[in-house]
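Residue numbering begins at 1 within each chain, and the chains themselves are lettered A, B, C and D in the order written.
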Amino acid sequence: MDIRERIAKRVAKDFEDGDIVNLGIGMPTLVANYIPEGIEVILQSENGFVRMGPVPEEGKEDPDVVNAGGLPVTVLEGAAYFDSATSFGIIRGGHVDATVLGALQVDQEGNLANWMIPGKLVPGMGGAMDLVVGAKKVILAMEHTAKGKPKILKSCSLPLTAKKEVDMIVTEMGVFEITPGGMYLREIAPDTTVEKIQEVTEAEFIVDENLKVMED
Amino acid sequence: MDIRERIAKRVAKDFEDGDIVNLGIGMPTLVANYIPEGIEVILQSENGFVRMGPVPEEGKEDPDVVNAGGLPVTVLEGAAYFDSATSFGIIRGGHVDATVLGALQVDQEGNLANWMIPGKLVPGMGGAMDLVVGAKKVILAMEHTAKGKPKILKSCSLPLTAKKEVDMIVTEMGVFEITPGGMYLREIAPDTTVEKIQEVTEAEFIVDENLKVMED
Amino acid sequence: MSKVVSLEEALKFVKDGTTVMIPGFMGAGTPETLVDGLVEKNVKDLFLICTDTARPNVGIGKLIVNGQIKKLYASHIGTNPETGRMMNEGLIDVTLIPQGTLAERIRAGGAGLGGFLTPTGVGTVVEEGKQKMAFDGKEYLLEMPLRAEVALIRGTKVDKKGNVWYNAATRNFNTHMATAADIVIVEARELVEVGEIDPNNVMTPGIFVDYIVKGE
Amino acid sequence: MSKVVSLEEALKFVKDGTTVMIPGFMGAGTPETLVDGLVEKNVKDLFLICTDTARPNVGIGKLIVNGQIKKLYASHIGTNPETGRMMNEGLIDVTLIPQGTLAERIRAGGAGLGGFLTPTGVGTVVEEGKQKMAFDGKEYLLEMPLRAEVALIRGTKVDKKGNVWYNAATRNFNTHMATAADIVIVEARELVEVGEIDPNNVMTPGIFVDYIVKGE
């Protein structure tokens, strides 16, 4: 199984029936493909609607119905459209149960950096700062390293998106939870070891006594 | 001509084509009956719509279409309904050209008291405080005295609705304008004199050099 | 799980002492069936947040007359003499709030804002105990967000996923209150199938609604 | 007086150096005809407020590529490499603003609020130079209202009194920008007769709209 698929699939297992979820651009978007059967997850698109559906068939794109990345999507039965202030009221007001985002860096305190690399890449924060602060649960879906270098750090060096807001990190190597008592490795992928994870993780983490195997 | 009619008629003359106007409960409501021909005035109702129309014919009342006093009204072609935050955004945001309100007291500084008499009458300010602060022009439509006692004072003694926001006062005796340079008597009713007005006005006012006769 | 429940099931969330928001402007937009249910249930010591207390036998007025309210936030109580009487006798603790400020405080409570600055109330008793700030020579009061445990709202059309459409002037405080309570119960004047309300014209997205009661 | 004017008449309000708000999410909801008109007119040194700069040949992106923007407030510029290049070369002065904060600042500008407190951006570079306040242990930034001289918006259906209805995800920043500029010009995808939009479903009341241009 592809790394990205593994991550997306694991994230999707975390949702509960009825959850309202915002998926970021890129790998987080894949999560929608793995929502477990029997569970209804309501996708919020921060450009202004809930109950986002899948990508339309070719030729059936509607330029008025696009996601936060400007790409054509569809809406499901029971959808509702609204304006941007309402959309971010939903986000900041705690009405989104979980947001899934990518990361450039994250640290053991739950600090997240995912919106700029000074002097190099300044795309802007878009809605990420509001999402990370407002969603009840912040889940990072990310590859464990960038070109072999750790992305899960003791302390982020890039400009932050938000402070101490990350709750969970899912990588191809495992699942971490960040708690006031420290960062825990809760699950480990079947094809790795704690030692291997330690080698590519700068952050200090505690291995859960009941460490589980991350299912594919 | 009835006193209330005279006042309402004079206030209505102050409007310009296209003005958005909010009329308070009571005498201000009468103003709608005297809008000059050829002029379109858009009435805003703070409970949530613009282009309020006249009272419906008997038997045609719709309990969903009521004014800020809870009384049945109609809407005109081109009306739009909205929620309370939007309605007060319109009011506070300076999108209302004029508001016409009654007064318990007003003073020469433009301070207004029209929402309570401590220990006696505490109806609440409703939307009045927002209207007086937000409307571009605040016009008082009021009888000159209350049981012979002045209501236009040097300084209000009742709790204020807003500070220094009143622009114009129309009574059965005349029309006052409140400016940074003082309160001016701009028009005088045909059936009174400056002396008579002074007798029943505690506030100090300047008589306009070009004092006009208030037309009925 | 269906959101449609019986009146009894819905009202189990309102107990003695619960903080409740109820919309409506002199009764228009008030959920009459839910209010009648509360009168029947006779829960006491409620902290009620509403814009007016209507008339003694209309909407919210019934809860006042029945002695169920201990604490009241409202903008206008003048049309219900019972509210004033009970306030003067110390039976209800009343806080009067300008209507625009009340709407905005509820909106802020639902949208995750920590407060806002409004010019409304500056120089009046409303500013007592509040922080004042000035920008560009204009003074503002810092007003705080408001939330409730339960909001009882009323939709003209409600679909089974909880999407709501309000007719005419009944919208008023409904949309804001629906965002600012832990439990949101909507009384459906008409309960419709999902899809009958155009997703564009949904005024309260179903994600805000926990329970639906068919109104009478 | 008809609000319907030619493209040329409408754009006379946008001159070199004008502050302009333009809505749209990667082009969706952007008034393409008005933007193309601005490119044609080639006014320079604009101060542009928008959520993203789309792609080089899409919507707002064209104004960037054509070198017409001197100052930019946006939440995301990553999809238009030209914006980043011109920012790095000192040709455009870019301020990045979290998207929810941007929406709320514009709303505040239109609603007469002096500012608001948001948790978004706390602990990040966004807090630089801003007042911080804490309530109940949670920190907030004080954010200021935003207004423009001209807003160029885009309605799916617009009636001749300026009432606007937006389809699907095109609503985004349109409704807020329509309230927060001295002159509001709407591009009508479809120009309809008054009455064709249900007063309940009007999303921008015509009182906010000064001019209407038929879009292509």
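Note that in this section contacts are C-beta pairs under 8 Å (C-beta built on N, C-alpha and C of every residue); 3 or more make two chains touch, one makes a residue touch a chain.
Keep in mind it's a predicted model, so treat the numbers as computed, not measured.
Removing subunit B from consideration leaves the other chains joined as one piece by touching. Averaging C-alpha coordinates per chain and comparing to subunit B, the farthest chain turns out to be A.
When the interfaces A-C and B-C are ranked by C-beta pairs in contact, the top one is B-C.
Computed centre separation for the pair subunit A/subunit B is 55 angstrom, with centres defined by C-alpha atoms. Mean C-alpha position of subunit A lies 35 Å from that of subunit C.
Remark: subunit C and subunit D have CA centroids separated by 32 Å (rounded to whole angstrom).
The geometric centre of subunit B is 29 Å away from that of subunit C, both derived from CA atoms. The set of subunit C residues touching two or more other chains comprises 104, 107, 111-113, 118-119, 167-168, 199-200. Multi-chain contact residues of subunit B, defined as those touching 2 or more other chains: 49, 75, 81-82, 85, 88, 91-92, 133-134. In terms of which chains touch, the assembly is arranged in some other way, matching none of the line, ring, star or all-to-all patterns. Each chain pair that touches appears in this list: A-C, A-D, B-C, B-D, C-D.
On subunit C, the positions that touch subunit A within their shared complex are 1, 107, 110-113, 159, 161, 163, 179, 194-195, 199-200, 202, 205-208. Of all residues in subunit C, only 104, 108, 111-119, 133, 135, 138, 140, 144, 165-168, 198-201 touch subunit D in the complex they form. Per the touch definition, subunit A reaches subunit D in the complex via residues 45-49, 62-66, 68-70, 75, 81-85, 87-89, 91-92, 111, 121-130, 133-134, 159-164. Interface residues of subunit D facing subunit A in the complex, by the touch rule stated above, are 25-28, 51-52, 54, 74-79, 84, 87, 94, 96, 98-101, 103-104, 106-107, 118-126, 156, 167-176, 203.
For subunit B in complex with subunit D, the residues that touch the partner chain are 17-18, 20, 42, 44, 49-51, 75, 77-82, 85, 88-95, 133-134.
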